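The first chain written gets the first letter, and so on, giving A, B, C and D; residue counts start at 1 in each chain.
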Amino acid sequence: MATAELEDILERHRRDPLRLLQILIELQARDGWLPPATLSAVATALGLPRARVESTASFYSFLHTHPAGDYRILFSDNITDRMLGNMALMQALCGKLWLEPGKVSEDGLVSVATTSCTGMCDQGPALLANGRTITRLAPERIDEMAHLIRRRVPVGDWPPEWFHVEDNIRRRDVLLDHGLAPGQALAVALDRGATSILGEIERSALRGRGGAGFGSDIKWRSCRDAWGDAHYVICNADEGEPGTFKDRVLLASYFDLVVDGMCIAGMAIGANKGFIYLRGEYRYLLDRLETRLAQRREQGLLGRNILGCGFTFDIEIHLGAGAYICGEESALIESLEGKPGKPRIRPPFPVTNGYRGQPTTVNNVETLALAALIAVRGGEWFRAIGTPASTGTKLLSVSGDVERPGIYEFPFGVTMAEVLDAAGACDTQAVTSAGAAGHCLAADEFGRRIAFEDVATGGSIMVFDASRDMFEVARNFAHFFAHESCGFCTPCRVGTAVNARLMDKLAADHGSPYDLDEMAKMHRLMQGASHCGLGNTATIAIDDIVAKFRPAFERRLHSPEYEPAFDLDAALSQARRMTGRDDPGAHLGDNLEALAEERAHARDAAKPAPSSAAESAPSKDLQP
Amino acid sequence: MNDSFLLDGEDIPFTPGQTVMQAAAAAGKYIPHLCWHPDFAAHGSCKLCTVKIGGRFATSCTVRAAAGQEVENRTDELDAKRRTLLQLLFVEGNHFCPSCEKSGDCALQATAYEMGMLTPHFDHFYPDRPVDASHPDVLLEFNRCILCELCVRASREVDGKNVFALAGRGTRSHLVVNSDSGRLADTDFTASDRAAAVCPVGVILKKRLGFTVPIGARTYDLNPISAMGANAGQQADSRANAAHEKEVG
Amino acid sequence: MAHEYLNDTTSPSAAATPRKLKVATVSLAGCFGCHMSFLDIDERLLPLLELVEFDRSPLTDIKHCGPCDIGLIEGGVCNAENVHVLREFRANCKVLIALGACAVNGGLPAQRNHLALADILQMVYRTGHGLAEGSSIPDDPELPLPLNQVHPVHEVVKIDYFLPGCPPSGDAIWAFLTQLIEGKAPSLGHGLLHYD
Amino acid sequence: MNFELETASLPSENLRRVAIDPVSRVEGHGKVTILLDEDNKVHQVRLHIVEFRGFERFIQGRPYWEVPVMVQRLCGICPVSHHLAASKALDLIVGASKVTPTADKMRRLMHYGQILQSHALHFFHLSSPDLLFGFGSSLGFTLALVLFAGIRERLDGADVPLAFKGTAIAMITAGFMSLAFMGFAGLDRFQ
């Protein structure tokens, strides 16, 4: 990377150490990886210790500190992608490019690997090609892709229809049919003023749509009342929960409402600056969103002196780089500050000590959009929808074994059965109500209602029909959490790894009831001892699945007694290869039982009489 | 009368702003811990200091003490949870105590003794981690790193050098040093840095001090870590004292 | 817990004198240091011999372990033969005790685990310093093949008790065994519990 | 030249294989295989050293001062020998070609201590069981132990030089006793 180009990037980012992650993302996009020399140059330019730059560069999945090929293909590997056959397609692509998954091809041309859910479960299987999303993969598309890669055709010149992303909106309600013009809500809010708007939000009893369900008015009020030399509004568009793609649709087709919501939040808490933390998997939206923000600035709907009311509020979009943990608000803020996404010690909470230590409100995309709607329609109107404890509507991203995967907007209180019916699910065996980090409902629970007081959800509804192996679902989740754990605290860092290994042990037919007890032990350990929500929720779905679909696990238990996790015979592979031996003694496979009999026989023969051990003279102890 | 809270039924006074751990340590009461150290900002990652306050789990090194709190500390349930956490740490790295010069001065080992850990229980990871002997006076043996970041904090907060940082994510997390080559020799680290005498395990070791103190005379041979009371947080290294006596004596 | 089983067989019922517990010991990939430490209980061997009798062990030179109450396993699982012997002990012993660091966590021999076995064999028998020209890796079928990694015994069979130390001191072994035989869950206080 | 490792390739007429496995009268792990024909005439006998651990490879890359402590674990009966061998190797590395008299004396003392311990061990643990077990073992073995325990009790009261108190004097007595018990060695022929 010529220093001139590096200087250009650093200049554009005003050599601001807080923008370290954004700088690294641009460098990664240009060079395909981040060589050590680049890390050193960036560290010097930003006046940061090189170790700090290395710790950020090595944390995020989409930043590579080792060569990853000119083409970096990442297959989305959520359980819904598996159900749509992504593994076969990946093997096919690897076959055509003569490489193994996870490795770079000999000539450094291409690497193929997996990544966590890319938010395309309604039009999967999907992959990221150098960070750009390609949906609806099929064998022909894979064949042509291999062809394009071998002929070194730039990703930008690949067939445009590959990159097309549908909204798949299936059921609209008050939010998706809001009918407001861009800036309309903002104008109303500016007209009514902060106190009145806060009153509306309070009357609406709006709760966070990211999944935690924290009262938005409480968050905004405590943020406004916190002292600080600057206040910030952050739109959490990380949307990393597997099976969730509602924010994708809001950003793609309702962006103005979201921006209005951010400006309203800014006005309410007295902030002049907002950030949108856009997940790296949605990079394809970046230019479109930046253009729209620029237009709004021209139209006086953003930036200085909005609508002539003297209110200044501007928005910066920061990209994530592949880290599910950055959905946690304090980890998101760490990432916004150019650091690895490791959750902070809480308290203090972001509302008092957030971005740059200043009072910050972090709200989900959907929450901000609803706030704008409430500013116009009023709190009472909103409160009349849904249930008393869960007011308003909820966007549900429904995927998996359904006729019509997509976005369904329902008032809170809708039963799971109604949602499944609307989506055209049949013969449903199970549903995960909050992606990998929530509960798993069996058929007898579909009467339960989607609401914070019953089935709480961030919007990810993944449906599994009777043909699905629920063990594989649990195993996919276990690997997801082991891959996404930030590694900060012992129970989650090592606990998720142990869980993933236990799942692999069962999958390799080495399982026994002992291993199911170990999983339950990990569940108990991580509940309450983990540093953040990831560790505390990493085993909930798994624990549910083991409890409600035990046969799917029992089928996997190879023996009632404890078995080793590793394959005994395979453990002799290197020795066999080096010695060239293949005689029975060189194996530990199915001859184990036979050898045990033989030894038992030898033992009985060796002892003439069942006398006490001392009598038999050792020197005459010759086996026949 | 300033405020106080109950720790296993005992009254512990505290001054406002103190965490439960700080107040307990000041009162000479031992709460198991690995990543906490009285001289540095709390970290809250090892989770050994998990207690129960009013029936809810809490990380005692980060949670503020409050009047009237009822804190459960050395209960069977919590010590069992701590044993499991220790087992996870033991299988994640390579901890070969028999040939380790920090044995007997190692907080991980002493805490495991205190919790009565007899087996690592889980399947070992046996990771492949490097040894960096490049620095003339200090050895870095990453096999024993428990990612407590005491060295990171010491080097940043006291030495002002930022020699250490954690890189990677999840179980790929690992310690890195602040040099282009990645070697300790190419940093401004010296054996007299505060960060050189803070490692609770056997990663950052001053050279030429190995096995100077005979078995039986090392810090935790003499008394268990729980008996170290307030200075339980001090990273014990009888080898340093031995070397000091040698120079002074 | 397994030790309850031990308790009721030795509680002297009025009529029969207490049956002696059958103890078997073996060293898998161990160095016999733990067996030596076992002998370090010195004269306390006598009271122990009133409670137990030895089945297979280096002492009695019995080649195979018959049905026993307690199996003391020293050493990790390093080769195929260790697997057979360990499984034989599991099949025959009511209670298995992992004795010493090798059995408990792989011990020193497990320091090879981060290396590829193929490279180790290559260096030791073919490319190492001072080897005769053309020397090769032994391939006699009588030799058990080494596993790719050394495993602690609990990673191959279910183990009931663990007695760490390299070696555990004679006093630690004595305290551990006597508590176990009295039917108590063994615990080692400060000074007895060591990993080095 | 590439010499073939000699192995027990069974010749045409089948020989019966008898294995003494494990060989337990020595530290370490071994196996003896004997090939006999029908009328029990021995054709081939081999001692197989079955244990491979790879110490020589995995001590590479370790801090040099750890190696003596690591290689002790090669053998639980003669750890001192391996420790001293490693120390001597390190003498060359650290340039201590001339070892100080104290160090030399300490090394000899350690080695003598082990020799005494090994002799007692070899007699009481490794060879005497063969002799005594063939002779009503619990009686013989107990006899040896009671004598040994008795002598040690008497030693507690005896005026033993400070340097020899405790284990050292016990080992020396064990050494003398093992010499005394050598007298039983010839009894085996009366089996």
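Brief remarks follow.
Note that a residue touches a chain if its C-beta (ideal position, glycine included) is under 8 Å from a C-beta of that chain, and two chains touch if they have at least 3 such contacts.
Only a predicted model underlies this, so the values are computations on that prediction, with no experimental measurement involved.
Here A-C and B-D were compared by C-beta pairs in contact; the pair with more is A-C.
Put simply, the chain closest to the centre of the protein, by Cα centroids, is B.
Computed centre separation for the pair subunit A/subunit C is 45 angstrom, with centres defined by C-alpha atoms. Note: centroid distance subunit B to subunit D, computed from Cα atoms, is 41 Å.
The distance from the centre of subunit A to the centre of subunit D, with each centre set as the mean of the Cα atoms, comes to 59 Å. Subunit B and subunit C have Cα centroids lying 32 Å from one another. Residues of subunit B in contact with at least two other chains: 98-100, 123. Contacts with at least two other chains are made by residues 19-21, 24, 62, 70, 73, 129-130, 133, 138 of subunit D. Shared interface positions of subunit C, defined as residues touching 2 or more other chains, are 60-61, 63, 107-108, 111, 117, 121, 138-139, 141-142, 144, 146, 149, 151, 155, 166.
Looking at the complex, you find that subunit B touches subunit A at residues 42, 44-48, 50, 56-57, 59, 62, 64, 81, 84-85, 88-89, 91-92, 122-123, 125, 146-147, 162-173, 176-180, 182. Contact residues of subunit A toward subunit C in the complex are 514, 561-562, 564-566, 568, 571-581, 583, 585-586, 588, 592, 595-596, 599-600, 602-603, 606-607, 612-614, 616, 618, 621, 623. On the side of subunit D, the complex with subunit B involves touching residues 61-63, 65-66, 69-70, 73.
Contacts from subunit A toward subunit B in the complex involve residues 36-37, 40, 49-52, 54-55, 57-61, 323, 340, 345, 347, 482-491, 493-498, 501, 521, 525, 528-531, 565. Residue ranges of subunit C in contact with subunit D, taken from their complex: 27, 29-37, 39, 42-43, 45-46, 49, 58-61, 63, 78-79, 81, 107-109, 111-112, 115, 117, 119-121, 123-124, 128, 133-136, 138-144, 146, 150, 166-167.
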